[in-house]
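Shared chain: subunit A. Partners: subunit B in the first complex, subunit C in the second.
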Partner chain A sequence: MSAPTASPTGQGSRRATPAVPAHSGGLGRRISVGLITPGGAVFVLVAVLLVAIMLTNPNFTDPGALIRFVGRTAPIAIAAMGQFYVIVSGEFDLSMAAVIATQVVIAGNVIGLEDSRIVPGLVLMFVVGTVIGLVNGLATTLLRVPSFIVTLGMMLALLGLVRYVTGGAATGNPTENFREIGRGGIEGIPVVDIIPWSVLVLAVVAAASAWLMRRPFGRTLVAAGDNPDALRHAGASLWWVKTRAFILSSLSATVAGILLVGYAGVHPSVGSGYEFAAITAVVLGGVVLGGGRGWVLSAAAGAFALELLFLLLTALGVEATWRDTVQGLIIIAAVALAARTWSGVRRPQATPSGTTPGTTENPTKSTTEGDR
Partner chain B sequence: MRSSRITSTTIVYGVLLLVVVAAALITAGQGRNFFSTGNLDNILTATTILGLIAIGQTLVILVGSLDLSVPYVVSLASVVGGGIMAGQAGGIVPALLVTLLLCGVIGAVNGAIVAGLHVHGFIATLGTGLVLSGYLGSTYQGSSGLAAFEFRLLDATRIGPVPLAFLLMLGCAGLAVLVLRRTRLGHHLYAVGGNAEVARMSGLRTAVPVVVAHTTCSVMSGLAGLVLLARLGVGQPTVGSQGGYDLMSIAAVVLGGTLLAGGKGNIAGTLAGVAIFAVLDNAMGVMELNPFLKDVVRGVVIVVAVAVYARRELDRRPARFDRPPAADPGTTKPPGSATPAGTTDKTLEASR
Partner chain C sequence: MRITHRAVKGALASAATVVLLAGCSTDSIEEPVESSGDDASQEAGSEEQSEFFSQEDLDTQDEQRSATFEGDEAEPWLQYIDGEMTDTSEYASDGAKKVCFANASISNPWRQTGFITMQQQLEVLQDDGVISEMEVRDAQDTDETQIADIDYFINEGNCDAFVISPNSTAAMTPAVERACETGKPVIVFDRGVETDCATTFIHPIGGYAWGLDTAEFLSENLEEGDRVIALRILPGVDVLETRWAAAEQVFEENGIEAEDFFTEADPTRIKQIVTDAINQGDVAGIWMDAGDGAVAAIEAFEDAGVDYPVMTGEDEMSFLRKWEETGMTALAPVYSNFQWRTPLLAVEKIFAGEEVPSEWVLPQTPITEDERQEFLEANEGMPDGHYAKFGGEDLPGFPDAWMDR
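Up next is the complex of A and B:
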């Protein structure tokens, strides 16, 4: 009796207060509070790992080496930001690696050695990425198949197709000008010597993502992961919000694929393992599986933390085979800590006093106000 | 199934029947008999490994978690079992005990991380899987260990036309069904999977079913690894990851009508899901389809089949919380208001 009445009235109160709790304190305080949330702590982790690597390997203090490292990490960071959209809305995208492989093979075979086909090839890749995301999203939302299964099916289908087309071996080789996107950069920059194109792409994607998450779409997406029922009652179209998240994820995989062609060349196994790597990065960035919590740039920082960790292990002389073990321990520890912190640290309540009676009285007012 | 309502399990078996008929027609079209002893033997053998793992995975998914560490547990069981056995018949019993105990410990750790540290099952088992994968990759290069001849009979023996290992799998399935239906633990498993918070407030120790489910899943994966050891004769550190048993077992469970979110489903459906995969594979083998295209067919079948009953499953569910049954004192009745959208609308209708 009480439970059903509580849920609609609770939404009434939420509508009356601002969508996001007001920040209190100055910039410094906000940053220091933010750093102890899992989404902020990952930046501290990145800084600590960076210092540790610089201490073990002095070569890494060179700005040029740093910027090239950022360039190498760009594809996984971009993939992680794509995965973020899907995870924060409460879903999974396991098809990411398969999308990367598909795009790499398309690049190799459609663009080929002709510069004139670069633009049509890119357009085709983005169209294919959009269609894959659309299919994933529609199957998840309209057919109501769990996204885990949808994207697993998509992964099997795409990988099967890619291997069928290529025969499982490296085929096709895109023109050097296309590979420049992943390989080259603006040369002759004073301090860092070279700014790789991939760093610029990463910066653009990161800025666009941060902007997008502050737009109504971003807010709705987080709400979709936090409480889909409330979102539906609020009148948002859940299916279209989530479908767009899947499209963004596939498009991110497409961009990652374009960059990877430059680094790794054309092979159907390019991108393998990226789905779990991206999910790991997102989770390391403090984003909660199941949705509703997290920041898109933390996901990118999670990717950097992961890559720095590998670099540190190499610098310390740990055998490559033990990497998996360390990675496994780290993600369990990170998520276990995050689970504690998210439940402990909350933003201070915006209402100064009388929270308990307020929540029972305010909704009545707000609903009646809304009716009149 | 006693009632006339169409449950998802009925649909799964309908799909299985459809697949079998299609496979029989295709096989007949190639001039061969689908129901020949040899072919049936192939299918039963193919279901054994995935079946064992999927039974454990069903329990884990029912309780609301996931197990991605399965393939590495399978590999570990195969190399550890083979290592202890070392080709000696006397080593069989210690090998079985140590391997299954080890797997049980791994499962218990999984369960403890999920239930105790509140880490999502996906991440916890991805993590332990990575830990095991690192250990396997660093410790074992290539195949290691040797199965005793007597142990290899586990896979080679046929009782009538039925492989012994398949019967072992059926036995485990029967046991799991009994536990789920008849014991308190089984009911708690459903309760925790359905809604852990409600289960906790009803006075259940929610950690117990989670840990038991994970432990059982790892032990079943260990069994699967031992059957693989019997089949191959040697332990292989990559045998699990090559099979892709993590995702395929989850796919089989969901194909069998179990809700991925937990709390709803059964073992019988899972077995049908595993059988659907095996029959499909068999038919595609008979057609001599390109192995890469097999994956495409599998992927499409998984999504389409789950779509078929995911839809009706959710549609038929009673709307429990949509309409409050009576007028509630919390909402006032505004006289002659225009119709607002959303929940308020429904609340008002109910209150009038």
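Up next is the complex of A and C:
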């Protein structure tokens, strides 16, 4: 694995200001350039699909229907953002759906009909989520088992556990007060009528994710997927960065699970297919499988594009049994497309004139392009 | 060069993802499906239907809905429609017998409820010295596993009688035939097989009767041109396909616009499907091929702030409770859960040399609004996944055995 670096600045030196500027051009230009990257194009795709659905079903132009759609897509968008952390660092998390199922069953069995158990139940769910992510991360980084295998194993282990606990059938739904998070919202809002709590949760998670990806952690994470060797030479603790990505992923699945229990109720099949939906959404959002590129909000937009696409297919009378096929083709097409287009829209290369031999520079700095 | 490296890595990963994806979805798309209600696909639909549809069976079950059942009404699990009987005098013998039970699965609440009832029935027969033990193998919804289970019973089970609840019809036929060849009694129940070699085949009237009962109820309570959303668990399972086949026919005859969707009993999917349908236009009725997830469908109407539909669910407690709470117009069709008692009682009869019906058709009567209260009271405290017509009230362990699961 030779892993040549992206730009000559890897060996070169830089002044106090990076040779690759944080942004080039004005806002308008940045947006127009951004839109032709896969990570930006997904927003165009969402808009196109939305218009297409509104044309086939005029009822969908109702703001109330729209906000409800956003609300019910929130769990998948949150899961997609969780999956983003893992994929951008060059790994996979196939255990998401199983984590959701586990959390749903915990909600049903631990919280049950007792309002007083909501808080302890939530704490337990987050602890379980953290532990699952920790195990996934440590097994991947320290034991050096490929994450594909680790999380596949985790998925089977958790699904087996869920099956053992429930026998594969639904148990009772937890108390309505707990389900309110995924089912209810702030009512009496003008125009949209209701703002579902899940939309607010999504907004908070999205804002926190966007912030996190701009922090050193986010930049190191992208670098970990882009060029792990360089990162290792730079002295960053790769294992801890990646492990945190896995923890974030299973915590996202936990949040998605909490919303889903509210939305639909307890059933071991809740969340099934979410790992692939999340991966598809991330890929659709232009994040390159194998890591190193992508924007976290594009992953969320990818989730919306995917759900809108399914909605459009339903509106057009396409059998729901085609869902999996469509999803599979999207994964292949999006990866093929992303691999081509990313290479076309790179930032202008750092000005070679600034190169002064002899000084070494933290190579992670050169990979900030991935944050776009 | 770096790009190539990443592209290869990405392509590999996506290939693996797709393989996995395909692996996970085989059970939901393995059978051709006839498609939803629009006119263009209707003809193609009836053609493909033939695999699961038999007008003759539909007519038979239509008649059986109003047939007279032999036996005590208080013990419906022993009732049967008068017909051909199997002579079992060759099996008459003393002593406790070992029963081997090859179960398809306990992966849905209907099967879980039935399996509890069966175990409580077993307790009675063990105390009576009829059955020494029952060895159970759970095939976990897999044909191959169940074939292996049956062969294990034949070769090493040391069984006196076989009880088989087949996972699927065609695949299980040869294994059931092998069991018959041992010369020991073979009892098949719930789903059928394509052989009549079994000593008795126990089942409620069937899927067509379910489809007729429910679609007739919806048609009576709806107007011509009304829209019904049909929620189906999955394609390719005969007991579910026949329910829909009969219902679809009735809807067509009555000018009801029915659109069918597959849900895999996932409440998330159910709620999304119903919400989308409501967004597209008025939904007047909900039809289900099994009641699991009925509450999610009803909640979709609540969350959208529209009137409740006319609905058919199942005799699952969650549905009966929600039905009472909302006061909607509904019917709870029943796929008689008490049939799980019958196989072991058949074992008792067979070893006593009493004749048993060759095809043991049990009563299958939907719960109407008038009867709902009675069943809610009789099953008070039971979990949501419990079935009202489980028929175990007189068994030991009632009600705790069904309550703590």
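Criterion: the second predicted complex is superposed on the first by the 322 of 372 C-alpha atoms of A that agree within 3 Å, B and C clash if a C-alpha of one lies under 4 Å from a C-alpha of the other, contacts with A are read in each partner's own complex, and residues count from 1 in each chain.
Just so we're on the same page, contacts are C-beta pairs under 8 Å (C-beta built on N, C-alpha and C of every residue); 3 or more make two chains touch, one makes a residue touch a chain.
Note that the structure is predicted; figures quoted are calculated from it, not measured.
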item	value
Subunit B versus subunit C as contact partner of A:Phe148, first or second or both or neither	both
Contacts of A:Glu319 with subunit B and subunit C, given as first, second, both or neither	both
Touched partner set for A:Gly290, first subunit B, second subunit C, both or neither	both
First, second, both or neither for A:Leu260, with subunit B first and subunit C second	second
Partner chain in contact with A:Ala139 - subunit B first, subunit C second, else both or neither	first
Subunit B versus subunit C as contact partner of A:Ser272, first or second or both or neither	second
Touched partner set for A:Leu161, first subunit B, second subunit C, both or neither	first
Partner chain(s) touched by A:His233 [first = subunit B, second = subunit C, both, neither]	first
Contact residues common to both interfaces of subunit A (with subunit B and with subunit C)	1, 3-4, 6, 92, 94, 148, 152, 163, 168, 276, 279, 283, 289-290, 319, 321, 324, 327-328, 331-332, 335-336, 339
Sites on subunit A touched by subunit C in the complex	1-4, 6, 57, 59-60, 65, 68, 72, 92, 94, 148, 152, 163, 167-173, 183, 260, 263-265, 267, 269-273, 276, 279, 283, 288-290, 292, 311, 314-315, 317, 319-321, 324, 327-328, 331-332, 335-336, 338-339, 343
List of subunit C residues in touch with subunit A within their complex	1-3, 5-7, 9-11, 13-14, 16-18, 20-22, 24-25, 28-29, 33, 35-36, 38, 105-109, 111-112, 235, 261-262, 264-268, 270-273, 275-276, 279-281, 292-293, 295-296, 299, 303-304, 318, 383-385, 405
Complex contact set, residues of subunit B against subunit A	113, 117-120, 122-124, 126-135, 137-138, 247, 250-251, 254, 260-261, 290, 292-300, 302-303, 306-307, 310-311, 314, 321, 323-326, 328, 330-332, 334, 337-338, 340-344, 346-348
Complex contacts: residues of subunit A adjacent to subunit B	1, 3-9, 11-12, 92, 94, 139, 143-146, 148-150, 152-161, 163-164, 168, 233-235, 276, 279-280, 283, 289-290, 319, 321-329, 331-332, 335-336, 339-340, 360, 363-364, 367-368, 370-372
